[in-house]
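Each of the two complexes below includes subunit A, the first together with subunit B, the second together with subunit C.
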Partner chain A sequence: MKAVGARLPRYDGVAHVTGKSVFVDDVRIPGTLCVKALRSPLHHAGIVSLDTSKAEKMPGVHAVVTHKDVPLNVYGHLSALGIPADEPLLAEDDVRWLGQPIAAVAAEDEDTALAAVEAIKLDLEERPAVFDMRIAGDPDAPQIHHWGNWYPHFEAEMDVRQIRKGDIDAAFDAADVIVSGVYRPAAIEQAPLETQTGLAVPEADGRITVYSCTQALYFSMGVVAAHLQVPLNRLKFVGGTVGGGFGGKVDTAAEAICALLALKGGRPCKWRWTREEEFLCSSTRAAWHIEIADAVTKDGWILGRKTLTLHDAGAYARFSPYGVTKHSFHHTGAYSIPNLHFDGYVVFTNRSPTSAMRGYGVTSVSFATEVHMSRIAKELGIDPFEIRLKNANRIADTSPNGIAYTDPSTVPTIQAIAEAIGHELPAEYRAMTPDPREGDLLPEHLAAQVGEVDH
Partner chain B sequence: MAKHTGRGISAIEYPTGMNQNGDPSQAWIKIKPDGRVDVFSGTSDIGNGSKTIQSQIVAETLGVPYDWITYDNSNTDSSPVCTGTFASRATFVAGKAVEKAALSAKEKLLEIAAKELEIAPEDLEVVDGEVIAKGAPQKKIGVPDVAAAATWVHGELITGTGAHLNPYAAIVDPETGRVDSPPHAAISYAACAAEVEVDDETGEVRVEHMWQCFDVGRAINPTLVEGQIQGGALMGLGLAVLESCYPYYPSVEHRGTEFGSYFVPGIEGLPKIDTIIIENPSALGPYGAKGISEMANNPQPPAIASAVFDAVGVWVTELPITPERVLRALEKKDEGPRRDGKWVIFDEDISVNTVAAEGSRFRFPVGA
Partner chain C sequence: MKLTVNGIGHEVESHGLQSLLYVLREELGITSPKAGCVQGGCGACTVLVDGEPRRSCLTPLAALNGAAITTLEGLGTPESLSVVQAAFHEQYGSQCGFCTPGMIVATTALLERTKKPTRHDIEQALAGHYCRCTGYVKIVASVEAAAGGAKK
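Let's look at the complex of A and B:
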């Protein structure tokens, strides 16, 4: 029997739906302590003082950790790629979002852990916060990040991700119509059934076993090893079966703090985030602000596109520079637009840091560019299928960063949808294929962008 | 006051693998003395089905039944590196790693079988758990017998290792964003149509029907890929009309803290969904597969927003398209875009040009 192409049952499907699959919280190790965190009660503040002495002396409390206990406190998700880090594991001098972890405790039970968190003395000096990206670039905007209010470390230390292609001014001069619009996809929560959960167990041989709900065992192990400054063989990550992630478990949330507490307290430590923590303190999908102006001809060719993107990173960078770069690479969507001018910024605000979620960087731009496409079609009085088919990327057309498309299916997928909903296309549109442009479909403005495809 | 029906469409593309690549996956395989196969891969299964898909790829490549495969992704002591389950990479990149590991194990398997059958390995193939001579199928030996012979007669262990890495694509010109090589493992494509019903009295948008067509390269498991597409459609519906961490964004007030105050799509909002799969194979993916898991929630929000316009004549470009936003847009329906020379300027009230102060870093000049 052929295995590839077969409708085989999901490997762990029955176990999942009968409740037999083992997730991190199902792992029971005798002597496990309960972890709770002290989180910032303010959106933006300086830490004047932090005193954990009372909590440490409470009966049933086995360990309390603050930034002083972390061998490498500031380590970024993109540090391994040589990108500077900005986010402390536990806050040191300041807090930049409501919910930011400052200290964590491990205690015999949940009530004791919560009481110990209450017993930590924290003195904050509140500072002005920024929530609206659009004013973060104002000359008098409150400064909320030591790098400035937007990320300054793209290649060559640029503070903006740029795409430039063709001759944008000529395209706008040549246009019959220029349509501009603003698109604002929302921040959303990944909302997995399994909240962020970690369990760190100090083993007899001196190693630490970390039970993790991570989407990326080796990545998370690397993050924990960096914070602890230990080699990889000191750690064993156990996981691989995850109760929903959708991008929200690429960031390493609970594991490093559990490992620190396990080392300090000498007992297994489990931190299961509450549903409230999951909603308020785990990374979310970012909100975006996207402005587009397209230079178009009366007969529906898109000659050029200008774009300004602001990406709401929240308080720290995490994967946001990656997300904006990916966004820029795909900002023409499924079409060939030869003249481009794109500026994208990673903007800091005092909200919980945003990070990966399904479609990272592109879900936002697909929304913006496709609604924009529908608007242009309406404005020009052109059928929305036809304008898409006409501008659809073809084999050998090039992407915003100059890479030739090898196997685009924009044309057949659009044709399939037209047929499915009974939208009759004119014969010339029904006959279109993804093959390289020629004839009427290779107008002068698209000639220069055509690249080469190896066959 | 009435309910209005409208339709909208979208067409999208999405890359497979991490943007700019450079994201390795590794795997290894060992065959037990009875021919059963242990696969060690570091790919977390987050519900995407990678345990199933990778097991299918190994079964197909080795030529043994699917239920002979045990898949272990449980820990970092046993399993080698997988960059992770994100960036739509588990089927393509990690799938390619297990395919290569299976090819390497198969080579070893045929080496042992060749000794047992006294036929050169290149003249053998594995079909349904048996090693048979090409062109002479009566000459054969079961994979369990080969594995037993390896263990007890030849003193060998049948293993295979595989790794896949698409090389990192560097940005060679930060001014233009040009890269030195393809920054993706593959690109997938999709189109979508949505039909909505909008109540112009309450502002409620109900998505009635979605049609979706995805180019998946190759459906390794059609049931699972349909599940991704249909599940993604629901997530896209949530993005379009329901979900926001900040209901009054950019305000941070009124955040939902539980499922009772944060609305994800429920079964009562399930529209009719038609799924069309196109298989335009990737030249490089395992068996031609491309990754589509993430993009499955991308085409619906724009199709739904366009359908809302088709129904009631207003563009709602801030998500989600809540009843409040629909009603506020309907109040201003007659205003339309500003026209200035050949410019048609929508949404000026929410632009940085309106909200940011003079001298802001963020500007987007519009108008003649």
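Let's look at the complex of A and C:
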């Protein structure tokens, strides 16, 4: 145990402070071309025609690619798990968010690449767009997605992520008070200092070396291999030096298009997104709409919870079904609620596709739960620390999806917060531990949910 | 056009309106100044021009004839870190590393003009430098350590 608790120097610290760290944009390969993309200027439109012939003939332009150049254009981030794919690498029939890539060019320099993008003739037929997930499900809402306006491929082809635990009707019948709230965390751009950047180098032996700023190297490798329809041993991925990610670099962004252009043009191709592209076109954390109703007793026990969650996937599914699943597993926060009725929908809108960011799917419902706990305390006239400690997860309590907690830290965390801010707790709450429930802390309604823990 | 970078004279060929950031990175291969936003907002491209911190992405070559430029590479080496570089390393002032070149260059300029900067001086000097990782606490601690005002 030499490392635990010790202040060790960062392994990459000296390189960082001397400018020796090599980020993707710092890699120097002779003959590297500059990549730029034609992106949708509209939020939602049909593609009537796309003509790249003028751009292809421009001096200094080495390759132009559209959907026709992609061996497998539609491939999803969850495809490897057998989940159907919905998103094209390059748009084919329609565009569903402002900034969706339609074509890409590789040219001698940035000015030539920008001029070539300008020379691509694109004819769009604008369609009505939806930006508010609360109306995307209305019968008269414009259809955004070919699957319908919400994701239909949860297990058993259900169109909703559900959790049913205990007896929700009995909980609401037994309640003294029903406390309701609506919580709407907004979308956030991860905003790493390093924008999305990729560099693909065609090697003499037919392989492609890809320099990537991804947070998920082997994952990106699989995605690129699938789009290109090449075996994994044709690709060499170089990564690990990431200029900030925060979840925004889990989805594969620049690599596949760089690799496609490198193969077609026969030259190394680098694509560094502008700051504007990073904000407008890269994935963001999703906006959420969370409605909670809790069945509560006068003395502060939470008997049951009904939840409706809408998750704004943006234009395509990406990881959203996974995010909502995590959200459902954590939807009681740090507290044990034995009777649950949860419905979560992945809703499509014409916003940028959304993805991971710092506690994917969980932070939204942690926020909702914490505000809701304080709301219940206020409504009942109970101390907000005491109601949290009373309902806090303890060893052998079970999560919404039925996993028994082995080492929950809720009780000591809340006690530490109370101490840090000088909030006086009664002796019985100061003495609380995470140990399994017993006595007054094991009321009848919590008995059935207690699980087995291996010691 | 003549340019001195980290003590070495260069004859550069880019046109006068080309940015210093482009000249350093693409013409001279000096890559510590980063293209974080290329619009003067983030501070990651900061270098010293005759000792003064400047956004290299907004500085045209034409304004620099005969100027002496210092980048992070010119402040110290892995074998011989500058006081500021050592402090950022020891105090964990660098996390992903992308904003670090600008932070260290700006801190170096601050300590050149103010040996004992106040917290306010440090915040002013680094106000235009974005860091998305650290929350700035460890960066300020690094500057204080470099100024000799904080415990190691």
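Operating definition for what follows: the second predicted complex is superposed on the first by the 452 of 455 C-alpha atoms of A that agree within 3 Å, B and C clash if a C-alpha of one lies under 4 Å from a C-alpha of the other, contacts with A are read in each partner's own complex, and residues count from 1 in each chain.
The rule is short, and it goes like this: a contact is a pair of C-beta atoms (placed from the backbone, for glycine too) under 8 Å apart; a residue touches a chain by one contact, two chains touch by 3 or more.
These numbers were taken from a predicted model, which means no experiment stands behind them.
Engineer: Who does A:Met158 touch here: subunit B (first), subunit C (second), both, or neither?
Structural biologist: Only subunit B is touched by A:Met158; subunit C is not.
Engineer: Per the contact definition in the header, classify A:Arg28: touching subunit B only (first), subunit C only (second), both, or neither.
Structural biologist: second
Engineer: Can A:Ala448 be said to touch subunit B (first), subunit C (second), both, or neither?
Structural biologist: neither
Engineer: Looking at the overlay, does A:Val48 come into contact with subunit B only (first), subunit C only (second), both, or neither?
Structural biologist: Touch partners of A:Val48: none, neither subunit B nor subunit C.
Engineer: Could you look at A:Arg275 and tell me whether it touches subunit B, subunit C, both or neither (first, second, both, neither)?
Structural biologist: Both: A:Arg275 reaches subunit B and subunit C.
Engineer: On the A-aligned overlay, A:Arg10 touches which partner chain: subunit B = first, subunit C = second, or both, or neither?
Structural biologist: In the superposition, A:Arg10 contacts both subunit B and subunit C.
Engineer: Given the touch rule stated above, what does A:Val242 touch, subunit B (first), subunit C (second), both, or neither?
Structural biologist: It touches subunit B and subunit C both.
Engineer: Of the partners subunit B and subunit C, which touch A:Ala80 in the superposed model: first, second, both, neither?
Structural biologist: neither
Engineer: Can you tell me whether subunit B or subunit C touches more residues on subunit A?
Structural biologist: Answer, by number of touched residues of subunit A: B.
Engineer: Quick one: is A:Thr18 in contact with subunit B, with subunit C, with both, or with neither? Answer first, second, both or neither.
Structural biologist: second
Engineer: Overlap of the subunit B and subunit C footprints on subunit A, residue-wise?
Structural biologist: Shared contact residues on subunit A (touching subunit B in one complex, subunit C in the other): 9-10, 12, 191, 241-246, 275.
Engineer: Of all residues in subunit C, which touch subunit A in the complex?
Structural biologist: 29, 31-32, 34-39, 41-42, 44, 71-73, 76-78, 81, 85-86, 88-90, 92, 94, 96-101, 104, 130-133
Engineer: So in the complex, which bits of subunit A are touching subunit C?
Structural biologist: Counting only subunit A, the residues touching subunit C are 9-10, 12-23, 25-26, 28, 191-195, 241-246, 272, 274-275.
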